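Take a look at the structures below.
Next come two complexes built around chain A: one with chain B, the other with chain C.
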Partner chain A sequence: MLKDISLETLNHCAKCSTCTANCPVAKVNPDFPGPKAVGPDWLRLSLNAETKVDYPEGIEYCSNCKNCEIACPSGVPVASLNQLTRAEKLKKKGFRLREKLFANPRLLGRIAVNFAGLVNFFTKIKIFRLIGKTLFGISENISFPAYAHKSFSRWFGSYRQKVNKPKNKVVYFPGCFTEYNKPEVGEALVKILNRLNYEVIVPEFKCCGQPAIGNGRLDTAQEFAHFNLSQLKKYVKDGTPVLFSCPSCLLTFKEEYGGLLGIEEAREFVPYFYEAGEFLRGLQEIDKLLECEPIEGKYAYHEPCHLKASGVGTPGLELLNEVAVNKIVPLDAGCCGLSGSYGLKAEKEPITEAIGQNLKKAIDRHAPEALVTECGMCGVQLNNVSGLPVYHPLELLAEKITKES
Partner chain B sequence: MKKLKTTVLIIGGGATGTGLLRDLALRGIDALLVEQKDIAHGASSRFHGLLHSGARYAVKDPNAARECIEENLILKKIAPTCVEETGGYFIELNSDDPAYTAKWLDGCQKAGIEVREVDPNHLKREYPLLTKEVKRVFEVPDGTVDGFRLCWANVWQAEEYGGRYLTYHQLEGFEKQHGRLTAAKLRSSLTGEEVFVEFEVAVNAAGAWAAEVAQLAGVKVNLLQNKGTLIAFNQRIFQKVFNRLRPPSDGDIWVPHHTITILGTTSVNVDNPEILRPTPEEITKLLEIGKELIPEVLELRMLRAFAGIRPLYLGEESNSQDSRSISRDFVIIDHEKNDGLKGLISLVGGKLTTYRLMAEKTGDYIGKLLGIDRKSKTSEIPLTPALAVEEKNRIARRYIVRAPKIEERLKGVTEEKQVLCECEGVTVAEIKEVARWEDTHNLEDLRRKTRLGMGTCQGLNCAHRGLGVAFTELLEKSQEPLEQLKEFLKNRYAGQKHLLWGEQLREAELLTGLYGCNFSLFGGTDDV
Partner chain C sequence: MYDLVVIGAGMSGLMAAGAGARRQKKVLVVAKGQGALSLSSGCIDFNPGLLEREEGSPYFKVREVVEESFNFFKYLVKRCGLNYVGSPSEQTRIFTTLGTVKNSCLVPESMFLENPDSYERIIAVGFKGYFDFSPKMFLYYAKKSGIFPGLKETEEVYFEPGVRTVNTTWLAQALTRGELKEKLIAFLKPYARPKTLMVFPAVLGDLPEDRLFKEVEEVLGVKVVELPGGFPSVPGQRLHKALVSSLKEMGVNFLFNAEVIGYKKNLRQVTSIKIKESGGRVREISGKAFVLATGSFWGKGLRANTEEICEPIFQSKVYLPRNFAEDFNFLASGIYTDEYLRPIKELENLYGAGSILANSNYLKNNSGLGLALATGYKAGLLALGDGEVRRNA
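So, the complex of A and B:
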């Protein structure tokens, strides 16, 4: 896997530096030499003893936002290469408890969702955050995503889907954020799909693996990937579409499983993976549903980097604009800077904050009353910088189109 | 007109000339070296960078094999920063003649070359790119040598011992009195200034240009100009030198040279030393042979093709055209004995690995002529300090006696730590400091000393940046900075244009676009 990525990189990188120019981290943090320097440049120089350094300096600052890969005109898997190198470096240095915890949000979520009130309370108390920083290197100021009182699965288990026969089926991968932090998103999707006469299947899943990749735990990510793929196998064989409401989960299934994690068979699954909005927009029947009560109010939209990297466009925004009274404008401010658990780490806090400034400026300029984005963690950052409520497009849509007339 | 005086005038700044300058300087014999372009611009850098163990000559030329291994060991000892002790493999494929292997093993043993057989499966595992046809593998003490670095190391050490040198000075003619050469007329190709040098002995060490120098003195040196073409790959493919175990032939050496790998060579006779253009036939041939070792060689990115001229001495009347059968030995021609002309010695043939020995023998000869009986010290006095091939020694290894100033800059100003040439890892401090040196006359000189622009991008990112950060320093040179950039790009393009397909074509197009739009220079393509 590394050999393939190395060879691709060495052959294809034109050294144009477009990746570095598009890197949100390099822009604000002089300690990060940029994706090209820690990736293709380092790779080439590391083969020569006179220029070889064991691991590139500053590679820890890569947030795997994928903007380098999106920007690369030569198709070099820059981010993947950097995740591999970083994972190796972290492994050698030894993982901290922090990385182990963040690598598996399911573990944290399963506990926290039962004590949501308590957890949410404690993560807001300064003194506990200070302890967290001293002991675990967890950022003291960036707010944590709040946990829901009831997980999506619990809701889904007791929810009776209303679907007329003959019914169509889709599989839904809710992802950890929907599962433990914002089950409303999953609920919205299930309700919309039911209205379109689709029955939703949610098999047992593990985390997609993106947080594990981001924390250098590639073995863990691989384990998750294999489990998730095995759960999907029988559905995909029947041609059942698999839907994602979280862009990072989607990207991980679509790109990382077959690419970075080197799981060959994952590539065969890719044609069945859909971003939820992408899937909905492709259905003719949706048009009728969109003739619903319009969405009032002034919203602005943030495009998550991983959605961009998934190559599906912004179907959620387009669907919303079909029903919105005021056109929902894209903030067009680039990466939010939080990048999952990246921004929750103490040393990354200033970087996250600095990258978030663009977002803040754009929000101030548009002065919306609420914000819209697909990614849960982007939502946390949007709320951090603006204090405004943040919705997933599915939530706003569901509110209108599932209203009983 | 500038007038200079020296005991020995050395014409030619390649390994031969600079080696002799060092040899004479260490003996305390006054010497001045003149070079028409920059140090090591000819065959001393236009070769595969192999420090022979002698194994390549073990069957055909036992004498050369013995000389090679002796000099190989001496160079590793005295010039550890100019060489890399990579080791090398000789690889017998299923299609090769096993009888040759037996002869070769015998030859190596006789020459005193240490040979160790290696498990071919080990090699196949380490290099999955390698053909499955590998039958037997032998390890030998081959190494690599940086021609630029070695030649400059010679010059700089000679300078410490009183040796002098002039680069970019073209020889225009000699003064002759009573059957003896007494002086040379030179002209600076940068400023046009004339220089008149009086000497007692002149040494023609002009390599491929030796016949032309001889002609200026009215004598003849019978040389065969034999062109060898090489291909530089974008990456270090192997960590050791890879040789084919068969009678020396085209395309059978792969040398890991710094960040790249060089595959060579061909052997084609040409009419004059300026014919350095690799032909499509040569490149096709090299790649066809390359395929035998790496079946997917075409998948690997190639940066450039380049050629050097081997000046092979034909002797008095030889008209042999089979270049591989001509000895690679060096010859000292005293033109007094051959042509009745006093004061001129021609030094021809030889190979880089044995450059020191050549200098020592010539030094002995000159000493005898001048009646100065002093022993050569070149095998005892270290040329460069013993520093391991490591990143932390990179600056000290590359810039040798001139390294301290650069290291000081790197400790001081933060901005100067920035990597300017990202493909080769060259910092701003290096560019600024090297640009200041008196023997750096333009961006091209800067490149040869630092490796600026020698990597993947071939100048795309680094040429204009280099010009930018060293502008003040380059402005002091006799050539306009923009002209320097133009020449730099022209030379980068000249090497690339023979291999313009796939990724390197994209690179060249990007480069042409960038410089075309921003500097009206079209990446050098408008001028070739």
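So, the complex of A and C:
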């Protein structure tokens, strides 16, 4: 686990409270003392055995959105420090069934994708949600992401890539959301890459581990990380780029593996990890494809917190703006509040709803026809608060770019 | 390839980016962490009288754009519903949470009090569990200040937000939401009479577009004023958010959570900067011109150790004030620049702006944010090769 928790790291914290001012949870929930209080402040006391106090109250409310880390002027890994403490506290208390389930979306996804119609139907029925709340502590009103009828890998397995020689290669990590909920995103990426003469390789992967981290199961996350890295080893050795369409998966591979989970060798992989839009934008050949039929309509863009945290900017937005007739409106409403499985827990539901109000306000103000965001779960929340359709930038691009073929 | 790459998202960096966006240029702002802007009181101090007395002040290089830049700033924040009052040629008097009087230049509309002598009653509104504002102390000093000659009556009142401890940003956000807002207004109603001034700590809404102070004014028929002070500073957060949102809407691209660690050059031009992202990945970003707006010590634009002070990205030459440790002289440290705000002779497309510039001590010239605003704007214009600006300089 994170190795460099020492007094020195903590002492970079100047107690300026910029992190707390930027915490979406502390803003709506008075029971969460904020990232500074449960993070650096508490750790300072507990590093010394004689002053060690009980686990900080309210730390369960941290959603690992990373806004504290992004805002910190002194480079303190506030969110990661909080994940460690939170995981320790949860482990001591004992995990509930829902934490175990949410920690690995593949468990449910693999089954649900075969009975998608049924599962999607039942997760909308009030009485089942009520039962879920009483028995498992699962939120009653927040929509579950709908499952697809065919997983991405099944589509990919039967899809014949059209690539001319000499071809280039990339590895793609689809992530659980693309795999089980929205395979269209992966399909879009594969088709765009094929047009650019890139062959796409999708090795067998496990979940990235972010849901496991979010549910306090750091051991599980580490196990996933080791498996995923071992699957990537031979490609990265040849210098093959690895692409991500999900910002949370990207951040987990880039930052959490080497940071929070303390896997030293993960750092060597980092130079090969790309956000999909970022990779496309970097290709010279893309310019020609962007001279396609323009994207019409009024879209608004939501920037996922984990995309912001991964330090790649908003390449998807920049690409879309090259093709869009009307400039895509940035919502700039901050965190969506759902934070993966966070908002699917009963006690977090009011928090998620309250944070989502900012999104709703911004959407109402701009009145777009549809919304765009890279993160699947942010998309669920965007749809929750607005009822509008939500697209991944790759979907909109692919529709225009791959039209002729 | 960007027309302009700005390093730093504080006041000066954002104004430089704004200058570019205004001319429909492709602009990128790279930033690591939130600096001093969001911690500020939200008031833009600017005092030409004091600046003129400061030897070698950057003020002398930006004088002719002050008016234009201040107007543009007001336009930018107004796009997000945040109004500022004042002009660079005059001082605006406001009150602080301590009841003391502070002179600033541009102030948020919610802090502006036009005719203090017309009020006969002051109601100082505190919040139970919120310790950054003491109505008692405010009234004690406000009465002594002599600013309210017609004052006949004061009262301190405490609203109960219904939680044990009050986090500033929670309070600011909660007061704008249905139930608590109505409770607050109902609580204040009995105190609403003519010629009444109600003062609050600056927590009336967390977002730039929240105009809770106006709502309270309209419903109760009293004058409402917010007082800066307290930590974290809600008006500082609003100001930062308004500028960033406004620039995003104008098409400026932002790259957060990335640290600039070096640069590449060709002949006498910076061609790209090297950035370090999360996880330690290093990559290059190329541009036609660059603005260095990384702030002073707090913003990490200047790094100090026991030996020296340095500017870590371009290694620009840094000015060390004499009697460094006395009387806050060290605050005047910063990078030297030529008349076009360029720190390094050999790098013709690099410009410096904001508190990283030498010979500006904000404690002494009372012009911190104002000077950052004007130098940022000018650096942006110069970086875009604005011919007229260059001739005037």
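We take it that the second predicted complex is superposed on the first by the 391 of 405 C-alpha atoms of A that agree within 3 Å, B and C clash if a C-alpha of one lies under 4 Å from a C-alpha of the other, contacts with A are read in each partner's own complex, and residues count from 1 in each chain.
In this text, a residue touches a chain if its C-beta (ideal position, glycine included) is under 8 Å from a C-beta of that chain, and two chains touch if they have at least 3 such contacts.
All figures in this text were calculated on a predicted structure; none of them were measured in a lab.
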### Message
Once chain A of both complexes is superposed, is A:Ile127 in touch with chain B (first), chain C (second), both, or neither?
### Response
neither
#### Entry: Superposed model, chain A: greater residue contact from chain B or chain C
C
### Query
Once the shared chain is lined up, is A:Val28 touching chain B (first), chain C (second), both, or neither of them?
second
### Message
Just checking: does A:Ser17 make contact with chain B only, chain C only, both, or neither of them? Give me first, second, both or neither.
### Response
both
### Message
I'd like to know which partner A:Val329 touches here: chain B for first, chain C for second, both or neither.
### Response
second
### Query
Now for A:Ala309: first (chain B), second (chain C), both, or neither, which partner does it touch?
second
### Query
Which positions of chain A sit in both the chain B and the chain C interface?
16-17, 33, 74
### Query
Which residues of chain A touch chain C in their complex?
16-18, 20-23, 26-30, 33-34, 69-75, 251, 253-255, 258-259, 267, 270-271, 273, 308-314, 317-318, 321, 327, 329-330, 332, 354, 357-358
### Summary
The answer for chain A against chain B in the complex is residues 3, 7, 10-17, 33, 36-37, 41, 44-45, 47-53, 74
### Task
Under the touch definition given earlier, write down the residues of chain B that touch chain A in their complex.
84, 128, 234-236, 239, 256, 258-259, 299-301, 389-391, 393-394, 397-398, 419, 422-425, 455-457, 460-461, 502-503, 506-507, 510
### Query
For chain C, which residues count as touching chain A in their complex?
28, 32-35, 38-39, 163-170, 173-174, 177, 206-207, 231-233, 237, 244-245, 248-249, 251, 253-258, 275, 277-282, 298-300
